[in-house]
Amino acid sequence: MSETPLIERIFQNAQFVQALGIELTAWGKGWCETRVKVVPSHRQQHGFIHAGVLMTLADHTCGGAAATTIPDGKDVITVENKISFLRPATGNELICLADVLRTGKNLVFTEAELSVQSDEGKVMVAKASSTLAVIPLKARVAADG
Amino acid sequence: MSETPLIERIFQNAQFVQALGIELTAWGKGWCETRVKVVPSHRQQHGFIHAGVLMTLADHTCGGAAATTIPDGKDVITVENKISFLRPATGNELICLADVLRTGKNLVFTEAELSVQSDEGKVMVAKASSTLAVIPLKARVAADG
Amino acid sequence: MSETPLIERIFQNAQFVQALGIELTAWGKGWCETRVKVVPSHRQQHGFIHAGVLMTLADHTCGGAAATTIPDGKDVITVENKISFLRPATGNELICLADVLRTGKNLVFTEAELSVQSDEGKVMVAKASSTLAVIPLKARVAADG
Amino acid sequence: MSETPLIERIFQNAQFVQALGIELTAWGKGWCETRVKVVPSHRQQHGFIHAGVLMTLADHTCGGAAATTIPDGKDVITVENKISFLRPATGNELICLADVLRTGKNLVFTEAELSVQSDEGKVMVAKASSTLAVIPLKARVAADG
């Protein structure tokens, strides 16, 4: 088993997350912060950041936060996500902060705030909630095999 | 104003949707079908298709379905999304079918099924619901400007 | 252990469901239908049926549907619910039809349609999704004790 | 037009809320706190507080919070709700605190925490999010008529 913490591997080994440029910037027990520099390929048809970018960031950051709260030999996988888009998202950088609301034996409940840096400071553009299932770590190997 | 239907423009002009390889494959009044060929950069850390790819597909296909039901001079933007991941998603192609549940003056309610083609036929991997707001078409121009 | 099917006990033993007048009207493997006669105490401040009545009906009917798909010795409990209110709900009777989308070892995914009978026939007023956890049947005894 | 604030009328005139014993206990611009004494008729089949009671409390408290942020002559109605049940809810009293995340011209985004008082202090049992539509105040009169 690797000595790299699970949360770091969750970001390193997720190709979609790497492809979008999402970075794990800070974390502790029960929380996770990520950032992504916004590029033209993240945009939707109105020029705003696509909902899919926001949802990917929220989902993965919630997964990261959840991963910090489970026992060794376990892993997490998303059961469901909900996200509310408070306002159209523009700007050069998205910031996501996820928190664990509760970790149980089988399920982890999390939520995330997504913000952009604007001239008026940090503005929340979306709020998400995500439920994850706790699974054996070997599930990953099986899925890769 | 372009003669291209709004739904086609929604897919053509969304750079994130193009970057992921999402294709609009069929549509009619109140529904929209899309497909995406799965490539390695769509994967998460277990080798499954990333939740973010599924959510992007669901969101945009719901938007497409909604766009077929609103009056000329109007456009749609996502208010909120919820998605349940029924099983890990693997396979070469994702198919999404979105339907409008109700179109009102200000809001459109939609839902979407996401499936993969497997040896045992089409298998549903996720189910989503999405609410969209009806906005003036000029909002797009303003956002682009 | 009682010979009464789990789904019937779920309705008989839920005092809140009885207090609201919710009736289990039909069910089979993977689905459940319920009805409730609308009374003045179900109303909200605009005279419509309160969202809480609709959500209670959806939640419990999803639980009923889930209960028809799990092994003996198991029970279900709600993890999360989402509901979209397509239009204000009025009328004399609410009808709810819930279906299981997938039953796994630990989780059951369900959805429900809520309709009212109107002069123009059956009209859908809300659509819900609900995730349930599969738990040991004894959890109920413990909770009662 | 009444001089009673909209938020107070929303609670006074909602028969279902009165029937459940829900009380508006505190509020200010952008937030709302409510409480309900738990009685046997609030229970589900395991002896826990029914999800429907929690959802009703969350929905109405979110509506109350939203009502404090809209202009005179306007009212609110729920578009959609999502709730996560972090743990089974037991206890003598439920407390709900709702906050407005953003008020727009047509939509208000809110969230709510539901807690019970236990021997170990206040424990969060559920977390909800709710989107509301801003509607003309006269809609209420029409609905009542």
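Things to note:
Think of it as A, B, C and D in the order they're written, each chain with its own count starting at 1.
Following the convention adopted for this analysis, a contact is a pair of C-beta atoms (placed from the backbone, for glycine too) under 8 Å apart; a residue touches a chain by one contact, two chains touch by 3 or more.
Remember, predicted model here, so these are calculated numbers, not experimental data.
Touching chain C and chain D together: A, B.
Looking at which positions face the partner, chain A and chain D present mostly the same ones, since more than half of the interface numbers are shared.
Annotation: B-C is the more contact-rich of the chain pairs B-C and A-C, by number of C-beta pairs in contact. Averaged Cα coordinates give chain A a centre that lies 32 Å from the centre of chain C. We define each chain's centre as the mean of its Cα atoms; on that basis chain B and chain C are separated by 29 Å.
Multi-chain contact residues of chain B (touching two or more other chains) are listed as 79-80, 82, 84, 131. Residue ranges of chain C in contact with chain B, taken from their complex: 82, 84, 86-87, 101-102, 104, 109, 111, 124, 127, 129, 131. Residues 79-80, 82, 106-107, 131, 133 of chain A are the ones that touch chain C when the two sit in their complex. Contact residues of chain A toward chain B in the complex are 9-10, 12-20, 40-48, 50-53, 55-57, 59-60, 75, 77-85, 88, 90, 139-140, 143-144.
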